[in-house]
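The letters A, B, C and D name the chains in turn, as written, and every chain counts its residues from 1.
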């Protein structure tokens, strides 16, 4: 492949790969900004992936080509409800948030597979969906030399959605009263409390937002990539999203950038097969690249990341 | 109610609640909880074969649980037990395979040590990063899990010349025992359980009897004060991760030298490391508690295999139950609250 | 020391047992409905059951699913203890387990698909995947318009290598000038890898991709379907593997991207072995099945392949069948 | 507030306490550590719900269920520990919870203007756009006050507002309080400093162990009476001590330079020496290098250049453990973070410096019985009030925690004992006890280095006072030969002896 061809392949496929990660990572940003650690993103994505496929299968006749989009809504709602488990444990029951997240991951997968077997008569995977997201080119823009083929030719609606939500999340977190309060609650909940901000309610809302976004992320993944749901549909994407959130320093746009970066690494490892020199590198190196990069980033080679101060600590009124 | 009673009651109540939720899920889904749990119990204790298999399953759980618990005691959350276990598995299997003509007395310990060393190295990296660069161990260990998975797969391929598994280990490196197998009707029960129990004692000794344990706990609770008191905080953090990793690596050795006798490419994680978190949690990070936690989860996991065939219930139900148990143990605060309310009421009446 | 299991079997179930010949199988982690060889094997067992008037359960046929590779031995053991007359291990992953158990339970009859176990009580079944790959290669070479075709493999293991070798040979047999873009994703369960790889291939002018990559291959189908949906005139095809993957290629009511599939009749193989065992001719040792045994072939293209092309394919099939063409097992 | 009762479990923190606040007065609330002052105020502010009693505002009975209700009633609180989000700006902190809105987004610009106006109205100098983490403690406190004013508070509660302020800042704060009262606001002031009460308050309410003792007019009382009301016995203020009999020099610091974590020098060519049998007090405003100095001595921070000698031996750059073993004891300034492992039993905490040596540890094996025995003896000797050595350190009150630390350090009999803010936040009884211990140590012929922000303490306890300013000792004075005025000027960088005159231009905001 020529260099340009490589770019024309890598950029769109990185954006495509990044979309579910962006949404899920931003979900993580909301939760952790409010002071609730969310290792459970993976489990929430699994639920989203499952609900997305299930809805798509059952309602394709009703909604036609709109089905995948409506399925995202369904996954969003169910994801938010599922996140309540984490919220109740972490906020009301004052559980260790990391452990509660681990439980969420286990529960998400076990529940989805259990239901799959229940609904599909013992089978370990669902049928294939018939209504998919389709990519498109944006007229005129896709003809711009260089930029066009990279950004506007093979575009997915889901990628646009993810970028839009990233920008929206940035506005919400940094520009609105709600965002100011969320950040305050994650930094110094007692300060917020004395100012009349309802700490636990905000945390509930934030955790549910994270479930909703991870749900959408999962549903995008299952509907764009696998087309069905099984135990191997979501295998680590939630953890990648978590890494993207940290890599992006708990900032929505940073998380988006990190997710796209991971997308690039992934695409590179695929395009690598056809690029001179790169193709001689054993596959292992390319496979572990995103994970190694994340560690390097965390180790401060790409600037220091600091978590919200109060994250991980349940808020108990009156405890100094 | 004494503190001790409460500490035992919380996990016990969580287990009961988990099983109740499991029963409700089965009921709502149209399965019979009675049939389901009978199949489960049958799968655990049904006969000597199943008991042997259950104990075999418990073995790596004990070690994974110890690994997580050891980290917790030193204030570290080692989610990387999974990866450490995988590299330990590989190291033991490789050493077990590669050397022939070694006497068993040397070969077997060598393979076991190799596993511990590999796990320790896998723990060393996040330990160093935490101690010297203050990188949070949770994320690093998660990433290390994936790196372990792919690296081991790559190594297997490289060493075997493109195959997906290494040759089986030599007889001189095996933990298996014809006697134990005969005793349990050809289950895969092996001597590893003794190693696991020995490690329980080791952890107990380090934490409760040694000066090192005092330091590790102190650093775990408050590294600033520990530093002020002249402890070498960095050394302790690294050491805690290394020891934790070594326990995890031994868990891998159990699979390599006992259960399987070889290592093969993995498409996904073994899950033992993640279950180790639950085991440690249920055991309140106490070595003896870990044995109980491992026994429970080992039994549940192994028994669940019998559920689809004997009762038609998907075996995922057991994972649901385990997740719920973790929820409740982690939410121990609420259970304690309810317990103290109850005992207060009682106390008031008797007074 | 090995009398125990027999005693138990005959004492607990002996009385009620009718004189059925019973069969069972253990899946690998893919599960019984993996739309691949596990499913195919289960179909074979069910068909055998139907033929012989058996019912699912201890007295007829059954399967156990493995949740992880730690379960293979347990599951095999369990089925043997339930006294099935023959127990299949499906997939090369079960090879060590079968080997071990065969040496312990010397009275039991075992069989393994896709691997060889050297024991007097094990029947090993291998397929000439290279012949399936060959037919796929021939088809692709005859159908390509761009002169570029692709192969997407899962893990780089002997079974998949045979598919690849056959595919390359098939393409070359038709037209050595056709370029083959051949890639191993290293995974059987990462659809996104399959999708991106297919995207790159189609993007670089490949128009037909043959996949042998399990669930990773789902991504190949997804990519092809998306391209077809975006542009109904897009010239993209997928050749499926193992079973007829027509359903995977369905874009909408009218369009389908599955050109054909390289069939591997695990179901037939299972049935054959079971029947032989039933007739008291348990085929210990290794059976290798290929086109000649009708165990390898192509699926119905449902019109995607024109008759003249089909005729040429049939010619090649015949040549392989009667030995005129020997398909290599390994890439040269 | 009438007959307020507040229980935590079985523990009664407030037992029928009555406090009546008149409009326009400054009403002081006095009591020992743990007497229940903060609890009472948190009840008033709606953070806690009382088990009994009633609260009336302007004669009307009200139920204050949460801080919002308190705000609406015009009650504002400046908390003992600042309630500020560090990485927010001043304005963001002030408007949090009541954000002015524009098209759904926060209107930061208008808010900043409003904050500016408010700050000018009450003479509370703040920079609305500065981040909290970048401003001084004094300014942070003004932000706290502005928070209440922004919400239209008429009643302001100040919980120990002066504990962490410099004398100058305290002075400014007192001015501010007076101005607020003149504007018609009413103030409840909690402080342990009797002099402040005498200076600013109109009336004083004293509580002891959760019970109200009574209310007196400030003009009709004196510090001695207040102290005995509070403690329930006679208290001696002036720490009694015989003159020091210092002998040879035991500890020297020569040309010490220490940098902070950003590489900015915080200790600059500092020289200091201490003799056996004397207490040297370091007086200075927070942030002039005290922390870095202590950390450098104790081996917690790298030394850039210079020397530290104990008994003539170089201890520069040694590891903390080596420094301790060389003969230095250290009472850290932040006992929760650095002094104690709060989740460890108090007995283990007492062993924190000796656990690794005989007789506690032998060959890597630790003997918990010896730990308990040692702990018991220190607990008794230092009057640490606890249920026993296995009680978690967290459960002890601040004063008792501090006593345990002092016991731990003093019992090792170090040649030099460093005491950093040893009495911060403690009540007079505990302070008295701790001062005695320091003097006792001196009388045994040991050297003591006392770092304190409280002039009283430095004047009372030290035999010599070294004034630190901008990382150097700019003067050394004898307590008997100086006064607070002179010290205050020195601390601000004015050295009237002319030799090292430096005017505080980079001073303290």
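As a convention for this text, a residue touches a chain if its C-beta (ideal position, glycine included) is under 8 Å from a C-beta of that chain, and two chains touch if they have at least 3 such contacts.
Worth saying up front: this structure is predicted, and the values here are computed from it rather than measured.
Engineer: When contacts are scored as defined above, which chain pair ends up with more C-beta pairs, A-D or A-B?
Structural biologist: A-B
Engineer: From the mean C-alpha coordinate of chain A to that of chain D, what's the distance rounded to whole Å?
Structural biologist: Between these chains, centre-to-centre, one finds 46 Å.
Engineer: Report the inter-centroid distance (CA atoms only) between chain A and chain B in whole Å.
Structural biologist: Their C-alpha centroids are separated by 29 Å.
Engineer: Using mean C-alpha positions as chain centres, tell me how far chain B is from chain C in Å, no decimals.
Structural biologist: About 36 Å separates the centre of chain B from that of chain C.
Engineer: Residues of chain A touching 2+ other chains?
Structural biologist: Within chain A, residues 122, 232, 235, 283, 287 contact more than one other chain.
Engineer: Residues touching two or more other chains, restricted to chain B: which are they?
Structural biologist: Within chain B, residues 153, 267-268 contact more than one other chain.
Engineer: Residues of chain D that touch two or more other chains: which are they?
Structural biologist: Residue numbers touching two or more other chains: none in chain D.
Engineer: Which pairs of chains touch one another in this structure?
Structural biologist: According to the stated criterion, the contacting chain pairs are A-B, A-C, A-D, B-C, B-D.
Engineer: What part of chain B is in contact with chain D in the complex they form?
Structural biologist: Contact set of chain B toward chain D: 209-215, 217-218, 221-222, 224-232.
Engineer: For the complex, give me every residue of chain A touching chain C.
Structural biologist: 1, 5, 8-9, 13, 17, 122-125, 128, 130, 132-136, 154, 221, 224-228, 230-233, 235, 266-267, 270-271, 273-274, 283, 287
Engineer: In their complex, what parts of chain D are in touch with chain B?
Structural biologist: Contact set of chain D toward chain B: 298, 300, 319-321, 323-324, 330, 332, 337-344, 348, 352-353, 355-356, 361, 364-366.
Engineer: Using the touch rule from the top, collect the residues of chain C that touch chain A in their complex.
Structural biologist: Going by the criterion above, the answer is residues 31-35, 65, 181, 183-186, 189-193, 195-197, 199-200, 203-204, 215, 218-219, 221-222, 225-226, 229-230, 247-248, 250, 252.
Engineer: Under the touch definition given earlier, write down the residues of chain B that touch chain C in their complex.
Structural biologist: So the residues of chain B in touch with chain C come to 47, 49, 53, 57, 153, 157, 162-165, 168, 178, 181-182, 185-188, 255, 259-262, 264-268, 270-271, 302, 305-306, 308-309, 315.
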